[in-house]
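Consider the two complexes below, in which subunit A is the common component and subunit B and subunit C are the respective partners.
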Partner chain A sequence: MRTLDQTTQEVLDLAAEHFQLPEGSLEPRDDFFKKLGIDSLQTLEMLSRLENHFGIELPDYEVQGVSDFKTLAERIHSRL
Partner chain B sequence: MLDLSKYQSIGEALRDALDRYSNEVCLIEADRQCEKERLTYGDFKERAHPLSKGLQDGGFSAGARASIIMTNQPKWLISAYAIFFSGGVLVPLDYKLTPDEQWQLLKHSSATVLITEYPIWRQLSISAGRAAATSVQTVLVTEAPANADLAGARRWEEHRGTGEPVFIARERRDTACIVYSSGTGGRPKGCMMTHENYLEQCVALTSLYPFWPGVRYLSILPTNHAIDFMVGFFGPFTCGATVVHLRTLRPEYVREAFPKYKITYVSLVPLVLKNLQKGLQARFDALPPGKRKVFNALVRINKALTKSQPRLGISRRLLKQVHEAFGGELRAIIVGGAFTEPQTLQFFYDLGIPVANGYGLTEAGTAITVNDLKPFRADTVGKPLPGMEVRIVNPAVDGVGEVSVCSKTIMAGYLNEPELTAETIVDGWLLTGDLGRFDGAGHLQLTGRKKNMIVTEEGKNIYPEDIEAVFESLSVKEFCVFAANYIWPKPSNTGEKLVLVLHPEPGQQYSEELRLDINARNNRLLNYKRVHGVVLLDEDFPRTASLKIKRNVLAERLAKLDSAAAILPL
Partner chain C sequence: MKMKNFVGQTLRWEWRAGIVELTLEHEPANEIGTVMLAELEKFVAAFDVLAPETSVCIIGSARKSVFSAGADLRELYRGAVALPEKERVEGVRHFLERIHAVLNTIDAAPFVTIAAVHGICFGGGLELALSCDIIVADKMARFAFPELRLGLIPGFGGIPRLKRDLGNAFLRDLLFTGRTVNATRAHAAGLVAQLAGEGEALHIARSGAAQIAKFDAVTRAAAKKFIKPIPHDELRREIDLFCELFTRPAVMAALKKFVEDSGPMPYLP
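Let's turn to the complex of A and B:
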């Protein structure tokens, strides 16, 4: 069973890999729109990758208004 | 299609459409790979009438206001029909707003009924803003889990009366919808749209882009948006066509929907269209050199053959794989909500996929001009639709002036804002605040914006005044938010940004601490509402006798600064 910290770290690692950033370059509090310079569509693409990794389904409404990795990780963790 | 000239209201037209097209499929709902539901117009009626009766039994009557805050799905349209059938006024709100913003607009609209989805209600019910919206008496929540705490709401699925509801007639001049074109800050702009506005707009649009039974429209833009309400609900329904809803907007499932449901039309905002272009371009670039050469030659042939008009049959044969990826039956992509770059429009047209590019605003009842494809033009927003008179006010030597429009599709006014209405609609002409000119062929070209606002590529209208609250009590003498293009006009309607203008206290520096504070506040805003940079001004802001900032005078002063040097990045 993962801890929330582990889930958060996995989210950060996967996002870094997805957007081809060096490992460790993202922080839990980072705003992904700003830090990654991405739009809402690219965010949805990232979510699909996270869903596949964690083996969960994350409905679009669960991520509505979420813009930082920490909150995103919490939403994912609650579905594990 | 129904002869809409014979109808008085949206409810009356839809009522007849449900009977006339009873056996046609009106709605398909898909969730990821699964199809959840498929309804005929007859099924739709069977779902909607008990809800309508439930509303009427609860005291809902002519002129009463009911709001819908939902993602795109059949229950949105069923609820809207039930409201119109009962003579009500629909207040469609954006499900992407924050709960407090939604409550502000519910309060402003005086809605007595709210229809929403359980996940949205979970957020709304615990929001502090709930206390202010005292007009909301009934909340209906869809898809709530069996043991869910409904926090005072009722289940949509169980809110049904027995027996037939009574159809409540409305007149053309009555308000059908209150649509918020913007404004969750100081001055919400609730456009009062009449039944006539919608009936006339539908006739105008379908004359160029017709629907008929068998047409399938993919509904992706939020249905509260004027475009999807028209082409994803009222338009197709009055023609017996089918609307396809997806419960997720993940790109991979949207892509799958085109071939799976043989989509005929889809509406997109420019941002999505541009992303689609990027994705396709990357796939074309990845072709082996030989295949790429053949493909490029086919595109050139298609371009030459469709120069004067689209020839869908030829394009579908020439560029078979591209068209098959879109399902093989796509007739046009409707794009709206914001300005689209010409090269994006041309890219799709060259592939044999016409993009119905146009120009409009909520206040004018969706579209004012649309490209009629005779021939396709990527450099304009098309010609005025039938029934629209468009003129340029006070044109300069180059013909550029403010675009104004007069038609039966123009709103009755802004709710509770007679002064703002009088400034916006003068002698029956709507002043759009957009700058443009007509070319020799009668096409409208937009050249910029006169008003202090921005429109994002996702089609969001942002008014600076609406986001100033987040900077309240910032430790400076005074501040103000502007659209950068309002201060420093540019001949384009893309890439617009907001800037925060600061007047520091005497001797105060723009410190790192202040920058971090601004950043933290900025991050509280939804990403598309954030300011892009800071402008420092070491002088008092001009103000009226009632101490309101004279924004136009302040903008004139700021315009003397060099924008490149003046805007400090955050």
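Let's turn to the complex of A and C:
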């Protein structure tokens, strides 16, 4: 069973890998729209990547308005 | 032969050895507006020429991360606001009649049709995929019917076709939440026939097409006609209901918010 910190770290690592950023370059409180400069298509790509990695479904309405990795990780963690 | 190959503004098709590949390529997200509709009409008009020598049609996309985002809502909104209220619904009905004719023709094509889906496949894009016999999806594909979020229902035949193919439970979840679902979920629900690795949907579709092409054409066409009836009555009712809903001010207000939103995630309630 993962802890929330582990889930958060996996989210950060996956995002960094997906967007080809150096490991450790993302922080839990980063606003991923601003930090990554991503659009709606890229956001959905990241959602697919996260769902496939964690083996969960994360409905859009649960992440609507979420813009930081920490809150995103919390939403994911609640479905693990 | 005439119309075996075509290159248009929003799509192209190429026939080779019994397989025709229709490729959508329209910036930014293969939205289905009047130009793509006219070119899709050209495509289905070529079926008479293609059919005798075609076993399979594969429909795919050349756009990165997108099969199709669906109807061109910006064009729909701008076209509608430019008209007096009474004329708006007539323009919408005319468009729907035309796209239904196209999708019904693809649905009943005398060859097997495969949608090779990667990236987003929403609304009208999903309805195009649903008119095909088989959906092969990249594991990063996502599917949705977001129309209710804007006060509408899917208008290109999505509800009757999904109901025909899958039943109501999954359909209601998609419709009433407007959420996107990933390819694994869509596969588990029976919407997707085969899952492909990232970037492999077209390759997998071609592999399936090569197998399908080995079979007797008469039997294949007879089997398709037998197992895949077109729900004409429900499709007609869908057009009427869409037009009825479209006239409400709340829909125009929601479309306005959607098309004017320049944020990283477009407005959807």
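Methods note: the second predicted complex is superposed on the first by the 80 of 80 C-alpha atoms of A that agree within 3 Å, B and C clash if a C-alpha of one lies under 4 Å from a C-alpha of the other, contacts with A are read in each partner's own complex, and residues count from 1 in each chain.
Note that in this section a contact is a pair of C-beta atoms (placed from the backbone, for glycine too) under 8 Å apart; a residue touches a chain by one contact, two chains touch by 3 or more.
As the structure is a prediction and not an experimental result, all values here were calculated from the model.
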Once chain A of both complexes is superposed, is A:49 in touch with subunit B (first), subunit C (second), both, or neither? second
Who does A:23 touch here: subunit B (first), subunit C (second), both, or neither? neither
What part of subunit A is shared between its subunit B contacts and its subunit C contacts? 33, 39-42, 44-45, 47-48, 57, 59-61, 64
Which residues of subunit B touch subunit A in their complex? 32, 71, 95-96, 98, 117, 119-120, 247-252, 271-272, 275, 457-458, 523, 526-527
Would you tell me which residues of subunit C are touching subunit A in their complex? 29, 65-66, 119-120, 139-142, 177-185, 264-266
The residues of subunit A that touch subunit C in their complex are 33, 38-45, 47-49, 51-52, 57, 59-61, 64
Subunit B-facing residues of subunit A, complex: 31, 33-34, 39-42, 44-45, 47-48, 57, 59-62, 64-65, 67
